[in-house]
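Chain lettering (A, B, C and D) follows the sequence in which the chains are written, and residue indices restart at 1 in each chain.
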Amino acid sequence: MAILVDNNSKVIVQGITGGAGRFHTERMLQYGTKIVAGTSPGKGGEKVFDVPVYDTVEECVKNHQADTSIIFLPARFVMEACVEAIYAGIKFVVVIPEHIPIFDMMQIRKEALKHNALVIGGNTAGIITPGEVNLGIMPDIAFSPGRVGTVSRSGSLTYYVADTLTRTGYGETTCVGLGGDPVLGTTFDEILWLFEKDEKTKAVVLVGEIGGVYEEKAKDTISKMKKPVIAMVGGLYAPQGKRMGHAGAIVEGEMGTAQSKLKALEQGGAHIAKTFLDIPEILKKLGI
Amino acid sequence: MAILVDNNSKVIVQGITGGAGRFHTERMLQYGTKIVAGTSPGKGGEKVFDVPVYDTVEECVKNHQADTSIIFLPARFVMEACVEAIYAGIKFVVVIPEHIPIFDMMQIRKEALKHNALVIGGNTAGIITPGEVNLGIMPDIAFSPGRVGTVSRSGSLTYYVADTLTRTGYGETTCVGLGGDPVLGTTFDEILWLFEKDEKTKAVVLVGEIGGVYEEKAKDTISKMKKPVIAMVGGLYAPQGKRMGHAGAIVEGEMGTAQSKLKALEQGGAHIAKTFLDIPEILKKLGI
Amino acid sequence: MRLYEYEAKKLFSRDGIPVPQAEIVKSPEDARNFAKKSGKPVVLKAQVLSGGRGKAGGIKFALNPEEAKEKAAELFSLKIKGFPVEMILLEEKVDVEKELYVGVTIDRLNYKLVIIVCTEGGMEIEEVARKSPEKVKKINLDIDEKLYQFQAQSLVKWLGVKGEQIRNVGNIISSLFKVFKSYDAKLVEINPLILTRKGEYIACDARMSVDDDALFRHKELSEMGIEKRHEEGEMTQREKKARGWEIPYVDLDGDIGMFPGGAGFGIMGNDFIHYFGGKPANFMDSGGGPTPERLAQMLILLDENPQVKAIFGARFGGISRCDDFAKGVVMFLKEHGLSKPMVLRMTGNMWQEGVRIFQQAEKENPEIFRNIEIHGIETPIEEIAKRAVELAKKM
Amino acid sequence: MRLYEYEAKKLFSRDGIPVPQAEIVKSPEDARNFAKKSGKPVVLKAQVLSGGRGKAGGIKFALNPEEAKEKAAELFSLKIKGFPVEMILLEEKVDVEKELYVGVTIDRLNYKLVIIVCTEGGMEIEEVARKSPEKVKKINLDIDEKLYQFQAQSLVKWLGVKGEQIRNVGNIISSLFKVFKSYDAKLVEINPLILTRKGEYIACDARMSVDDDALFRHKELSEMGIEKRHEEGEMTQREKKARGWEIPYVDLDGDIGMFPGGAGFGIMGNDFIHYFGGKPANFMDSGGGPTPERLAQMLILLDENPQVKAIFGARFGGISRCDDFAKGVVMFLKEHGLSKPMVLRMTGNMWQEGVRIFQQAEKENPEIFRNIEIHGIETPIEEIAKRAVELAKKM
């Protein structure tokens, strides 16, 4: 068991003929990810590592029953690509590129909700269900199949958490990178809730960091969960970041500081880890 | 019983301080229509025939539990006024002005559907439930309480039908003017269905005319109705009107001619009247 | 309200749709100059608002400047559906590899905007759509919905466009949709959208209608000289006179003058006259709430028409009041008299006042009411129509 | 990315928002001329991108041209958060009857656009909102939702604006929302929106931030000279050098040089150093997939910093590959050598290749690896951080 992706996922790569698309397609295939097709408008008919290339997502879905997509395209093309996937019936999209315009991300979010799809990113390292599917740019070495789910905004922090869980024998069910952009396709809540419902996941590690508001938003979800959540937040010693003017302060209040995030997560009932090494300690105490 | 409006309707007049608004407010009040308030931005606090004026519809709803609105404003202000009413919770809006831009009507239709409201017009003579409420510009003299519902795109044809029903003793439950503009807030279907569900209405007279597509659309509804529908269509001898280019012809096909309308209505099961005087004859034959 | 082809192309081109090299000319000499400057074969297209331009001989080709001048002169002497040709659009001739169709319009039935493409362009697209619906594909959008590029491109791919051109033609569709939305259009069409032998796509004809009722918010159109305009063919003297008074009026070939109230009844009344064996001499609409002056003008049009043998009048006072109606009729009678019999029915808002005005006027000038029968709500309108047919036959 | 006040006002004004008579001046003499031409008392506002301009003395008033010149000279000699004042916005002084606040921003939590008004303008609006939330009202809209005029007007009415001005101020809000949407803004604010003694409303200050990531689709901004720009205060020499190399870098006051991989870990690593009793000398981010050249530059910045006593390096190869990482480090070591001890952890994508590159280089030049400890996945990153703190303390 896993969340969002497993070895039944039929994956397409949008932008498969580009440099990054090609490079990571090979890596993901090597991991065992079932990449059934790729898209590149105008290049339909070509092949990349034996994966057939189409002009449109619609054709990938029609010919290969694709249900999952990963996007390797310049930021300015991501909104179109993502909505194309959603309209074609893809239910899960991973947006690797960073610097997606905020309005575009909001449009994506709206279409995703409307069509009951889920988009992670932009600026995510992707998602991995160890031993089954690696969808993104995460290094295989950090991960091993196991019983803890992880969710983080940062790719590098995802690696360090998995590295720790792997080294201490817990392993991971699925590791989800939400992405580092200011407005994200999916927030902690939705992923936490999927982990809550996933049989194999015994606990969830949430890694947050200074800036943004999504950690604070997770508070209520955590308080409703039965499974333990271990939370770690980076940036306690970082100088205060910039705010989005007065209006931003009115809308977001005191949210965004590491303190505010830690406080919210703790109030929600999360167990706080200061370092990665605290995580297995806490898991042990929880009897997991 | 009646449809859409009766003597419990709490009506507001949007544009009550204008010439037409003022004139018809007086007429409607004289008929017994419960006009609880009016709007005119910037003139809140004034009174028109003892009816209190507000700046916004919101205030009318808050202070007078208004549920119905009639609009007497220049065409260019209608979309805003109509959506304002819908957002404020008004469930039935009568749009008297003509020449509402088509895009505006489509926006109104969308908001109305979304908020479960009904808008008739633009370019309608209004709606009347004889003996209870006259909402619009229809002449009282044509109408009397009774047992036949009428729905028409044309004001003058509504009068002649009612005149005939009144003279022959049938009288009317409610007479609805859909309006003469090319794109309307409400089509025949919705009104027919309301009549079908209205206890007091024993039969419905539908009057159509050359141009547009709404008569053809009514076919399926008529075929599903248990109550008899008597249909009359004007324009059999009118020279063929203009079409909206090739694309219009693709979308609307052969619709729009009096022949096409009569055919569709007859196929739906309507009884066809050639003149107004045919209507009471048909009613008599139907045993109504 | 339809735009001239050259106006539509200007708007299309502003939003990035490729159109042929072109110029509007108003004289044969200018046509020659354009052809000379261009150095290529040219197309001459009469700029008229009515349809059927091709069939009327409104499009010509010329291989050289002299021929261009000649053909232009021919066009300038042409009338298309009664309109003289005053402007010609000269364009460089395009080598045609393939012709497609792209259009955007409104689906009133479903309250949607519709983008339509067809694999066969350059012809009567509605015929193609009827006979071979599989050659047509549509996308429906809500009024405030976006057209995504991928949606446009999926239409383009369906059309069979290949490779790099998918994006370009997708952009043409997106631009066309943008034009449609920007100007409150009812219709925009590129027919044909040409694939040239060089492999480029170019809009060879352009059709565009905008919503008259939304013109108030498009100053940019009036700045281009696009104002409310008339699309009808050559008008009769009477129709021109009516237009001068802003009265919607059309001459027909019967003998009963129609003096109706209300657009809806105007249409139905015409049917009634036919039902009862008569033929109307005209269509007319008073507009909502006409003034006495306008009503008098309407009667002048009928009285002066030698075809008219009798007049059928009807007024059901709604937004138009019966008192104003009576005032208008009396004003006309006093100033002009009426040379033909007229039967009227008047009821509705302010009918008592209307009756009073007629009675007063008749008391003062009984002679001007000699030929006139006035009825009220007690007489069915059908009886009035029959009476009018009768009166006309008697004459 | 923040715009200068005068740029924001230009955009606001284009969309119909009233702003004071104004001019940008670059010399005291020009300030005098503006005041002379205007003949009225003027306000002088330093144009800087950082906040706290008022507190820093960046706003001055002048009653006459000579005073304007004087005050301008004062402003031009000022530095605000390290930035010299190079432009002054001169405006005619407005007589204030009342100050309001109007703003539009993004609610990331709920994925909404938010229009905010407040009955008290001209001050720190977030303070007002915190202490007196009843003075603030908001409307939330979806990204592709319309702002209806009646919605804007209902906010205006709520603000207490009366009569004819309801429509005008409603239009100001609609225009502000349009500006927000047109330029992919993250924030637009009018604070204060002034009601003048004459009864007119005018935008006296303007604040606007746009989404850097959407600049590519706003040629109209770059045509106004609005390009990606820096908002930070005065930079250290090293920060300037880093900026030249396009490396995000900030000097801190500790002694451990941070050579991290990944933005997330950059932040967390800083906390770790603190947890273990050390203090970082800097923040740094490599960006996604740095080249060996960039990695070498990052090390140059740390090596040349006399504050740095030891270097803490971490690379978890994801989109950044370990082989490139190793190449960059070796390139630096060969060309510059390293004057400080460094402890590194390297694992992730292509780690085997990375290890091989280090081994090969050490075999060829063992002396350059003298001060360097390289660990792999077997050592927890916390141990590396502790070791870095230890090394720094030893120095």
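Please note the rule applied: a residue touches a chain if its C-beta (ideal position, glycine included) is under 8 Å from a C-beta of that chain, and two chains touch if they have at least 3 such contacts.
These numbers come from a predicted model, not from an experiment.
A.B. asks: For the pairs A-C and C-D, output the one whose chains share more C-beta pairs in contact.
C.D. replies: When C-D is set beside A-C, the one with more contacts is A-C.
A.B. asks: Distance from the CA centroid of chain C to that of chain D, rounded to the nearest Å?
C.D. replies: For chain C versus chain D, the centre distance works out to 57 Å.
A.B. asks: From the mean C-alpha coordinate of chain A to that of chain B, what's the distance rounded to whole Å?
C.D. replies: 53
A.B. asks: At what distance in angstrom does the C-alpha mean of chain D lie from that of chain A?
C.D. replies: From the centre of chain A to the centre of chain D is 26 Å.
A.B. asks: Would you pick out the residues of chain D that each touch at least 2 other chains?
C.D. replies: Counting only residues that touch two or more other chains, chain D contributes 144, 146.
A.B. asks: For chain B, jot down the residues that touch at least 2 other chains.
C.D. replies: Answer for chain B, listing residues that touch two or more other chains: 107.
A.B. asks: With chains as vertices joined when they touch, what's the shape: line, ring, star, complete or other?
C.D. replies: Graph shape, chains as nodes and touching pairs as edges: none of the named types, so other.
A.B. asks: Can you work out from the touch definition every pair of chains that touches here?
C.D. replies: Contact pairs between chains: A-C, A-D, B-C, B-D, C-D.
A.B. asks: State the interface residues of chain C toward chain A in the complex, per the touch definition above.
C.D. replies: Going by the criterion above, the answer is residues 146, 148-151, 153-154, 157, 162-164, 166-167.
A.B. asks: Any idea which chain D residues touch chain A in the complex?
C.D. replies: Chain D reaches chain A through residues 101, 103-109, 111, 114, 116, 124-126, 129-130, 136, 138, 142-144, 181, 184, 186-187, 189, 191, 207, 209, 211-214, 216-217, 231, 250, 252, 260-265, 267-268, 270-275, 283, 288, 316-319, 347-349, 351, 377-378, 380-382.
A.B. asks: For the complex, which residues does chain B have touching chain C?
C.D. replies: Against chain C, the touching part of chain B is residues 20, 27, 75-76, 98-104, 106-107, 109-110, 125, 137-142, 152-157, 159-160, 163-164, 167, 180, 182-183, 207, 209-210, 212-214, 216-217, 232, 234-239, 242, 244-253, 255, 274-277.
A.B. asks: Could you please specify the touching residues of chain B with respect to chain D in the complex?
C.D. replies: These residues of chain B touch chain D: 41-42, 55-58, 80-81, 83-84, 87, 107.
A.B. asks: Would you tell me which residues of chain D are touching chain C in their complex?
C.D. replies: 144, 146
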